[in-house]
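Here it is, the structure, as structure tokens.
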Amino acid sequence: MLSFIVFLPIIAGLVILAVPASQKQIIRIVSLVAALAQGVLAVLIWRHYDPTMAGIVAAPGGSPVGSFQLIERIPWITLDLGSFGPLRIEYFLGVDGISITMVLLTALISIIGVLSSWPIQKQVKGYFILYNLLSTAMMGCFVALDFFLFYVFWELMLLPMYFLIGIWGGPNREYAAIKFFLYTLFGSVFMLLVMIGLYFSVIDPLTGSHTFSLVAMADQANYIKGTILGPGSEQWRYIAFAVLFVGFAIKVPMFPFHTWLPDAHVEAPTPISVILAGVLLKLGTYGMMRINFPLFPEVFQAGMYVIGVFGAINIIYGAFCALAQQDLKKMVAYSSISHMGYVLLGLAAANSEGMLGALYQMFNHGTITAMLFLLVGVIYDRAHSRQIDKFGGLASYMPVYTGVVIVAWFASLGLPGLSGFISEALVFVGSFREPITRPIAMVSVLGIVFGAAYLLWSLQRMFLGKRKPDALYELEVDGHGHEHIHFHDWKGKLDLDARELTMLVPLGIIVIALGIYPMPVMGLLTTSINKLVQVLAPVAMSAVH
Amino acid sequence: MMHSLIQLSIAVLLLPLLSFVVLIFFNRRLPRMGDFIGLGLVGTAFGCALTIFWQVVVQHYDPAFRLAWDFTWLDFGNVPGVGPLQVKMGIVIDNLTAIMLAMVTLISTLVHLYSTGYMHGDPKYGRFFAYLGIFTFSMIGIVLSDNLFSIYMFWELVGLSSYLLIGFYFYKDSAADAQKKAFLTNRVGDIGMWLGILILYSQYHTFGYQEIYEHIKNGDFHMSQAWLTAAGVLLFMGCVGKSAQFPLHVWLPDAMEGPTPVSALIHAATMVAAGVYFVARIFVLLTPEAQQVIAFVGAFTAFMSATIAITQHDIKRVLAYSTVSQLGYMVLGMGVGSYSAALFHLLTHAFFKACLFLGSGAIIHAMHHEQDMRWMGGLYKKMPWTFVTFSIATLALAGLPLTSGFLSKDAILAGALGFAQVEGGGIYYLVPALGFAAAVMTAFYMGRQVWLVFFGESRTHLKPAEDHGHDAHAAHASHGHDDHGHEDHGHHEVHEVPWNMRFPLVLLATLSVFIVFSPDPLDGGKGWFMHLVQTPATVVASTEAAHEGANLSVPEAGKLLAEAHTDTQHVETAPAAHAEAASTEGEGHGPVYADPRQAEIAHMTHANHWNAIKLSSLMLLAGIGMAFIVYVFRIIDPDKTAQNIRPLYLYSFNKWYWDEIYDATIIKGSMLISKILAWFDANIVDGIVNGVATIFRKFAFFNGGVDKYVVDGMVNFTAFTVQTTGAVLRKIQTGKVQTYLVMVVVAVLGYFAFYIAQLIK
Amino acid sequence: MLTEQLLSIGLNHFLTISAILFGLGMFAVMTRKNAIVILMGVELILNAANINFLTFSKYNGGMDGVMFSLFVIVLAAAEAAVALAIVINIFKTFKTVDVSRVDTMKE
Amino acid sequence: MNQLTIPIIFYIFAAVTVLSAAFVVFSKNIIYSAFSLLFTFFGVAALYVFLSADFIAVTQVVVYVGGILVLLLFGVMFTNTIMQTELKADVIHVVPGVLLTLLLIGGLLFAFYNASAAGGWMPGMMQLQGSVVERIGFETMSRYMLPFEMVSIVLLVALLGAAFLARYDKAHKKEH
């Protein structure tokens, strides 16, 4: 089941390979069918999922069965390395609470991404092949339970992303693509080192040999004393944690590693921005929850405060930077930085409310930011510009668009009744509850105001008031005294067309529905999150033993 | 099985939401843009609310009535360290809820009805009703909430609806500015409220009022008392934002950019009062220190906005500042512990202020969207209905005996006097002093308004021609116009408004008369409201210091009281005796309070009842008399006086310059910080990144680029050194194999030399 | 004493000749501009090396030096062939065998 | 044979070798250098005989004189038009070259003699005597089997490569 959902897009990619490049429509439809099938599978997995099983660590006895679900585990690469013993890499997939939400999100965003890729005309075949590759890699990352497999998917993601930005991007695309590539590569190189270190420090209790299994790694009992990352070499564990954290933090992106994000977003085409903000950023925090924190719980305990401070910096710094932006897409990009700060803050709290808020925020940020970028894409398609000051008064002429913008904007600023609010609120509840992170939470609430400030200000400048004198659209008054506008070389419908509505309305419905009653998603998480919180509290755990 | 009242209240909650959903999507496809749907659904909600009111208030008539229902909204599972944890949402119905429900739905229904006339012909007519629907929904949500979390949610939702309605004429820049300002200012208050909620949650893992109060009562608040005070003050910040208290009052006058029915519904009667309602909900956990803060904030707000209201020209702005001032009274009432009086004032104020706003809307409508009082006058003949209702409401606002406003305002001021005495006089007398000062001014500016609008000659023709433009007023105070595009000002026939706008006025004016609330025109305490809504016993123990302070102050306060007012027979010294006295006081005057300070205040409040009546009547007469002197008898020329005290006049006219101060500090400051940080981001953070990248690149092309790069970048000395080195190095690279060979031989010889040196050694 | 030394032809004699040959070869390689003379210098150097191999081989009694000198000769032949081919190519390209003018490596 | 005979013959050949080598190096005329090299090779071959390496001496004569030298001469003929000034090969770095060469020779000799004086060169138990042809045969087919095969391949490759490099290049010609 999981293999299907992971490799469906690649199969679609192979099919596309066989389609002649001139048959653009067929290529698009094949991709769409694959994405939809992925969506159906995701829903099946969701229905199939038993929320009472915790995941995160193995069931008592060391086996992942009974803790994770939909497990697929077969040996993949087995090499005899002589004195090092056999090298075992497994093809090991499975889901638990923290991954199933991400699987759902990825499937959803993939469909949206295909739809929003429809207008792309340049080298359609290559584009969709890369797109499908990216889709597979993302999905793979979220279901892989073998560190090596995770790493393979993680690296696999880089390549299509690089080309998708570098070929189909904006005017400064090479710079952005290279920057993205180098940044993430920088992060993953260190990850590789830590991964190997972990391999030699951990023994799977079931097989008795070294393993890359994240499930085995998450249990501190499986670490061998005297190994490089085992008990007794604390300084190495600290270093490994820090290095791994930086690797994931780049992806989040966390201040001061965030500068690739605005560039990448500004240059990337709309669907890629949607994927980037909707799914890829979550990989950073997902990695932290799945790998970084449970593998080094005692270091995490020591570093909570620092992580929280970085979260707060992200929140406030991102909001301030967003306030100063002139480019709408850049503003949204900085808002992503700000919102991912909430995730970090929630993780730093290390209690159920905070972690739950963080994970829920990951899901909500995925849907909300996807909406934001789609909406930015809509106006960019029409005006070929995203300068906030070059519009004004659009609400009078594009009422549907404005309506959707208001939903998305208010969801982003955390209005109750929309999903973003609940996750932000939970993050604050969690981080305030812990005495360690309480001061940070008290500072971070300022982010609520500044978040509202930049969003409302941009809303006002673009949509409210009157047409600016140097606006990018023409105003005409017809014989009846009605005002009409048109953009210079836009032939399509002025307001949102059917395709755009097809993308935006489901997202909007999800945002509203999960804002009113979050349990359909949140119910999947609670058991796993509670387990994770337990795993992350080694002091309490040792007291129990 | 749910209680039928709960079912009804859910219906009250959801009917306006249904109205919103239907209207926002289908208003263009419905006949009359669906106004009948909005009116019908909200009217039905009013019917349900009235049923609840009937059952709870009339049939039960029990101060302790309380009905609650909740459901699990979020389930966190078995949380480590806490155990099973759920977030519940629920509804609580008590007397206050029932009254508020009836009030909110009544005014909402009336405003719907009124809007069918007022907003007629607006291109976004249908959407207006949709927005009213979502507002009503969220307001009812606030009223019904049984926990802090859901009240916070609805709190923000009313913020949204306020945002949407203020910016209903979003194509005007002033409206767009005002809506943003309103939302952001409220958010600042909400931060505080949210932090307060977090403090309480972090202690008890619950948001429910009742659970929290139980916990506090049992004394298991694990942080210091200062945190509890902080929680109270922070929660109060939510009220500061929503009820437009100083220092977050700046948004409310600007919010008058919205259509006038909206001003009546949201920015006068209901939403802004939600702050006071919220303080009432958290009243029991306020520590004495927190109460003092609240009292001072309220008193200062009441006074400050009254001074501003005196000089404003815009009819709605005067009313807006009077609203702020009256909200200040309510907050003051909460602060001094006169819980029921503050809520009473909330209720009476809602009716007469809604009446005033709707009346001003009628005037504006009739005057073809003229809002400046300087160009009105002489309307009483042309608009008799409006004149009569407006006058009744004005008298109620000013606090004339026989009106509802008198009852409630008097109760608050009595509480303020009692509070000052209990707290030990001195600075605490500032609270009632400011309150009475505001009362004088209220009477004065309302008298001024009525005179300017309804009496004298019509001054329409006096209006300078250049003021006809839309943005001409921006120079002094950006007046909002409820215009529908290009109306022409001025010289049209002024006529009375149609019935659908007149009916609400009449009904609301009727509700501003004393008899509705109390049989005794001088004592609200004898009315049903004060019986049903009684000040609850605080759950916070008075701190020892406050207790002692109260003990010390009582004799002095008593003496003072005895000297000044001989008809006060209760001069006691021991708090316990006060409590007894209070309990034996007779019918309807409050329960027994275990907390000595609260008992003291309750007692003193009652004791000061007559003082307050006397004083406030005096103030009223002074205010109205002054208005008559200035505007009717023209003994003092207002313009000349304004010239004589020009700095004061300007200070008041420019609203104490709060907008300018905030603009110069907070807004400019934030923008500056954001620019600096953006620069920092683009140049420093990214600069470092790019710098590292550059270094790597330069490294890679070392052969080709190093000397050039270094020469360019370094100062002269370094440049020289590098140049020399570069020159030497360049000589080495001749491209001739033989030269390289010579180098090799030299190196070999060097080795020999080393070898020989070793041997010699 | 000196006569005695000179008469018994020993290790040092051969080494001296080898050193001189090596020096001469080196000199040719370093100073001459003509590529073919440089090649000749290289041959001299190889011969000097061979003399050393054989000398030490003889006085040590092993066969290793002999074998190596054999290989050196073979490789010298190969080297000469390739080097000459290169020289001819250089000549075709630059119309000269003056190595001092063949300095494209400088760029 | 007289005890003096062998040293005298040795010195004669040594002188021939060194002098002709010097002539090779210092002669301005390449043709003279080439012919002088012939004598150097012969001299070295003679010295090999003194070192009991008769087979090597023969190989030296066959390979160097018969192969390499002829090759060099061909090279000279190909690249220089005879009797032109081009034949006069110029020199560069003369002064540093002489200096370095003297220093190099001095250094080498110092090293040799120093080692010798310090008793560094210990003659082996059994010096090579008589012909080594047979032993070369054994060694080639046993211990040095692999190098031998490799060398032959190297030689083949080198020859092929040389032929390829030096061949008449039509494409190259066309360009000019």
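Should a chain be cited, it is by its letter among A, B, C and D, assigned in written order, with residues numbered from 1 in that chain.
We adopt the following convention: contacts are C-beta pairs under 8 Å (C-beta built on N, C-alpha and C of every residue); 3 or more make two chains touch, one makes a residue touch a chain.
Everything quoted here is computed from the prediction, not taken from an experiment.
*Asks:* By that same contact rule, can you tell me which chains touch chain A and chain D alike?
*Replies:* The common neighbours are B.
*Asks:* Suppose every chain is reduced to the average of its Cα atoms; which one is closest to the average of all protein Cα atoms?
*Replies:* A
*Asks:* Centre to centre, by mean C-alpha position, how many angstrom separate chain B and chain C?
*Replies:* About 100 Å separates the centre of chain B from that of chain C.
*Asks:* Which integer distance in Å separates the CA centroid of chain C from that of chain D?
*Replies:* Centre separation, chain C to chain D: 5 Å.
*Asks:* Measuring centre to centre with CA averages, how many angstrom lie between chain A and chain B?
*Replies:* Going by mean C-alpha positions, chain A sits 37 Å from chain B.
*Asks:* Indicate the whole-number Å distance between the mean C-alpha point of chain A and the mean C-alpha point of chain C.
*Replies:* 69
*Asks:* For chain B, which residues are shared contacts with two or more other chains?
*Replies:* 736, 738, 742, 745 - these are the residues of chain B that touch more than one other chain.
*Asks:* At which residue positions does chain D touch at least two other chains?
*Replies:* Within chain D, the residues that touch at least two other chains are 92-93, 96-97, 100, 104.
*Asks:* Who touches whom among the chains?
*Replies:* Those chain pairs satisfying the definition are A-B, B-C, B-D, C-D.
*Asks:* Once bound in the complex, which stretches of chain D touch chain C?
*Replies:* That would be residues 3-4, 6-7, 10, 14, 17-18, 21-22, 24-25, 30, 33-34, 37, 40-41, 44, 47-48, 50-53, 55-56, 59-60, 63-64, 67-68, 71-72, 74-76, 78-80, 86, 89-94, 96-98, 100-102, 104-105, 108-109, 112-113, 116, 121, 123-128, 132, 135-136, 139-140, 144, 147, 151-152, 154-155, 158-159, 161-166, 169, 172 of chain D.
*Asks:* Note which residues of chain B are touching chain D in the complex, please.
*Replies:* 736, 738-739, 742, 745-746, 748-749, 752, 755-756, 759
*Asks:* Using the touch rule from the top, collect the residues of chain A that touch chain B in their complex.
*Replies:* 179, 182-183, 255-256, 258-260, 317, 320-321, 323-325, 351-353, 356, 393, 395-396, 410, 415-417, 421-422, 425, 428-429, 432-433, 438, 441-442, 445-446, 448-450, 452-453, 456-457, 460, 463-466, 517-519, 522-523, 526-527, 529-530, 533-534, 537, 540
*Asks:* Using the touch definition up top, name the residues of chain D that touch chain B in the complex.
*Replies:* Within the complex, chain D touches chain B at residues 92-93, 96-97, 100, 103-104, 107, 110-111, 114.
*Asks:* Once bound in the complex, which stretches of chain B touch chain C?
*Replies:* 733-738, 741-742, 745
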